[in-house]
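Scrolling down, you'll hit the structures one after another.
One chain, subunit A, appears in both complexes that follow, with subunit B as partner in the first and subunit C in the second.
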Partner chain A sequence: MPLEAPVEVMLAASAGNVLVWVVWVVAALALLSSGIAVVLFTNPFYSALSLIGNLASLAVLYLLLSGEFVAGAQVIVYAGAIVIMFVFVLAYLGGRADAPWAGGPTLQAAAAVVAAAAIALEVIVVIALAAGDQLSDTAEVTGAFGSPAEIGDLFLSDHLLAFEATSIVLLVAAVGGVILGSAMPQRSKAGAD
Partner chain B sequence: MNEFTAPSIDWSALSPVLVSLGGAVVVLLVSLFLPVRIRRGFGAVVASVCFLAAGAAAIALFAADETGRGIVADALRRDRLAELAEIFVMGAGLLTVGVSFRERGGGDRAGEYYALLLTAASGMAFFVSASNLMTLFLGLEWFSICLYVLTAIAVERLSGLEAGLKYLIVGSFGSAVLLFGSALVYGATGAIGFEQIAAGTDDAERLFVVAGLAMILVGLAFKASAAPFHMWTPDVYEGAPTPITGFMSAATKVAALVVTLRVLVTVFPSEAELWTVALAVIVCISLAWGNLAALVQTNVKRMLAYSSISHAGFLLMAIAAGNALGGRALLYYLIAYSAVSVGSFAVVAIRERELAGPVTLASLAGFGWERPFLGTSMALFMFGFIGLPPAGIFLGKFYVFSAVIDRGWTWLAIVGVVATVVSVYYYAGVIRAMFMQRRELAVVAAGGSPPTDRALVAAVAVAVVVTIGSFVAADPLLEIARDAVALLPFPEG
Partner chain C sequence: MLGPGIAAYLILSVVLFATGAFGVLIRRSPLIILLALELMLNAGNLALIAFSRQLGNGDGQIFALTVMVVAAAEAVLGLGLIVAVSRKRVELDVDKLTTLSG
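For the complex of A and B:
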């Protein structure tokens, strides 16, 4: 910000910064607590609901990083579609699930802790490097970066074929899911053909 | 907001992909409205026509393309390497249609079966022409998902479901490794196009490039079923419907190896010293593991699965040579190998239908005398796998060994020769069982043997013709292979 900027603008900007900080802290806390809640709830429905909160607060963080499109996609695709699918599956299977640590520490739980610790360490190292200005390159973010228009432009120009191929991959996966999922119970009831 | 310009789309260059994909859509939609009893016939006819048309389109493109070009914003590369691989894939698909025609199991899902077969072939055609990391990964997933489903399509067989699940999990792991490697390479160079990456590797962080290269290589080795990334192969080959096993062993290998060749040579020329040595190690492990494990198998499909692992070793040896002779040898070898592979699984398929159970060496006893044509063909295929004339693999192995000797790796050729000698034992075991063992307790299927399956016999006959033809017409085929790899910048010149 240029030094000769009027006082009101500076005040407004710092108020904006404070607001950003507040939103950031709230979203980050919500993210952490809902993430922990996903793991700790014994009722899988509550876990799935916490996951929605988790994804929503992550979307807020994306918004703060000017990733409007990613934030929207996050809410629509993950919170809107995938978690709802989880809930359907849970409703179908019934709310049976073991509480974490129910059977004492297992190899899987130990491996999960080790993996989480490794990721935490990685994040701390990256933050430390960033704080010490040790990262080699800073990203160059232009005004249109990550905007829906920019992304749509790329989808329909440079990555047109990849975009279309993705739809085929999804179609094939859907057809496969229907084949494998639909045929079995019918068959076991009807017996051999 | 800048002005939007749509990329120009070269429809004719995309035709092999589009024809097979279009056929799949037609089969999928139309068979919904057809009575169950004609679905299989309809699917087979449409699939055959589409495979022929897509193969013809690829041949026409091969004849026309001399220089190669990027299409649709350089997402794919049209060159003779891709077109030749497409011809192989479509040929393998056509034979598979013949082999599958009378396959039982899968119930009324014949339409979906042929649709997925066509989609898998179309995905492979896309994959072999990929020219950036994104299309590479999408192509891989495209045909892999089709194969996961096809493996498990006979849902009434538990072994098929188990194989499908194993393939899905291990295959997804392989894809994830490839994706992670691609991300590292992109992170290091800031480019996803193959040529741009090659241009950018010099001033990129070498650690990331090398780690990315290693992970991409591992991901592709999973698909090529090279040891030590082969663990899914025996179970999946055994559990999948046998025609699909034949298709996987031929077409998936073609796709995976052609892409391995393209990626290593065009994306990582600066790391050639590294990947040639890494491949040599994978070759040695594949040859040792595949051959030793095949020695003790009694189930023929499992034995052929291990043989496919050892052949992945021979085929990767051609790439490890890192020279144009190796590239030529790879493509020539793939012609003969695909035919032998589809043919041998076709013979296993018909025996399986007669027995209504898995084919073991013991249950092949007397097969050669019962069905002389199929028995003799199977013997020819076994000679082919060993690498004896009159099968093209004989010359294929010869050229592969010359390529590595040219590079100065005589020891690798010696490893290959030793592996070949070991392999004689288990391939000859099949011939011995078919012609020299008497049947002890014959298990006869209720209702007698199924009627002669003309479509399958025709597919075996074509495989025999290609197997012998690739030996007889070696010169023109080698010319074609030379044209196909002419544009690749081989590190060893």
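For the complex of A and C:
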């Protein structure tokens, strides 16, 4: 084994580290800016579109945390299904503009800023107090961690009940969506009058 | 682990959660409130997956996938409710939908 091999390995590792940092910073900035865009866009259609950017940058972060299957499921379930559903409903309802700061800065807006900042501070303080000293040591994981095979194994062994309950939840949601979305029967309208 | 530690992911998750909570509090359109709720659920998912990676335990990812399913169900029912309300020719504004309040 030549002597310079470990140095090369170290150099490659640090280059990989820099690359991961760059990807992380880009994904984090995209995550936060698209999250703020979702909240502040006047046009709900743009809000739904920025949610796609939010979900995509989250998927990148999941990949960095070696959650390959969750990242894929995130893109398919959220960007592929949920956002499309939002866009369909927006198209159906006409997507009226709704300015977040309509009527100037009100007491409600100021209270919302304070409440959101309080939630953030509270969670950061609690996590720092409860787990601050354990956050630096991260477990070593193998390449199989987070792979579809391991997720499937966990779902069909330790978490079988959650897996089966999930199917019932989805069935109930589908039936409820059909009932809510179908036209109201005529007699309920007559009863209301 | 390459790149930033778990604490950086957690701070990101907290800031995203606060953004979503701010959106729920500030917006009046129920559609945007649902979108902001999705932001909050995603922030929770990010924290779950970060802790899962830190502990080297796949259970957190299972939890995150279950949260995703619940988020899909919640979006279906929420959008169904919004469509049902809009059929009644009521303005979609959570400050004005006060029929059920005491």
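Heads up, the rule we're going with is that the second predicted complex is superposed on the first by the 143 of 193 C-alpha atoms of A that agree within 3 Å, B and C clash if a C-alpha of one lies under 4 Å from a C-alpha of the other, contacts with A are read in each partner's own complex, and residues count from 1 in each chain.
Following the convention adopted for this analysis, contacts are C-beta pairs under 8 Å (C-beta built on N, C-alpha and C of every residue); 3 or more make two chains touch, one makes a residue touch a chain.
Nothing here was measured: the structure is a model prediction, and the numbers come from that model.
> Look at A:168 in the shared chain and tell me whether it touches subunit B only, subunit C only, both, or neither; answer first, second, both or neither.
A:168 sits against subunit B, while subunit C stays out of touch.
> In the overlaid three-chain picture, which partner chain does A:29 touch, first (subunit B) or second (subunit C), both, or neither?
A:29: touches no partner chain.
> Who does A:126 touch here: subunit B (first), subunit C (second), both, or neither?
neither
> Considering only touches as defined above, state whether A:176 meets subunit B (first), subunit C (second), both or neither.
A:176 contacts both subunit B and subunit C.
> May I ask you to decide whether A:91 touches subunit B, subunit C, both, or neither, giving the answer as first, second, both or neither?
neither
> Using the superposition on chain A described above, determine whether A:149 touches subunit B (first), subunit C (second), both, or neither.
first
> Using the touch definition from the top, say if A:157 reaches subunit B (first), subunit C (second), both or neither.
After superposition on chain A, A:157 lies in contact with subunit B alone.
> Scan A:82 for contacts with subunit B and subunit C and give back first, second, both or neither.
After superposition on chain A, A:82 lies in contact with subunit C alone.
> Of subunit B and subunit C, which one touches more of subunit A's residues?
Partner touching more subunit A residues in the overlay: C.
> Do any residues of subunit A touch both subunit B and subunit C, and if so, which are they?
136, 158-159, 162, 166, 169, 172-173, 176, 179-180, 183-184
> Spell out the part of subunit A that touches subunit C in their complex, as residue ranges.
Answer in residue numbers: 13, 16-17, 20-21, 23-24, 28, 31-32, 35-36, 38-39, 44, 47-48, 51, 54-55, 58, 61-62, 64-67, 69-70, 73-74, 77-78, 81-82, 85-86, 89-90, 92-93, 95-96, 98, 100, 102, 108-109, 111-113, 115-117, 119-120, 123-124, 127, 132, 135-136, 138-141, 145-146, 150-151, 154-155, 158-159, 162, 166, 169-170, 172-174, 176-177, 179-181, 183-184.
> Quick check: in the complex, which residue numbers of subunit A touch subunit B?
136, 144, 149, 153, 156-162, 165-166, 168-169, 172-173, 175-176, 179-180, 183-184, 187, 192-193
> Which part of subunit C faces subunit A closely enough to touch in the complex?
Residue list for subunit C touching subunit A: 1-12, 14-23, 25-29, 31-32, 34-36, 38-39, 42, 45-46, 49-50, 52-59, 61-62, 64-66, 68-77, 79-84, 86-87, 92-93.
> So in the complex, which bits of subunit B are touching subunit A?
1-2, 4-7, 9, 21, 28, 72-73, 75-76, 107-109, 112, 115-116, 119, 123, 126, 132, 134-135, 138-139, 141-142, 145-146, 148-149, 152-153, 155-156, 161, 164, 205
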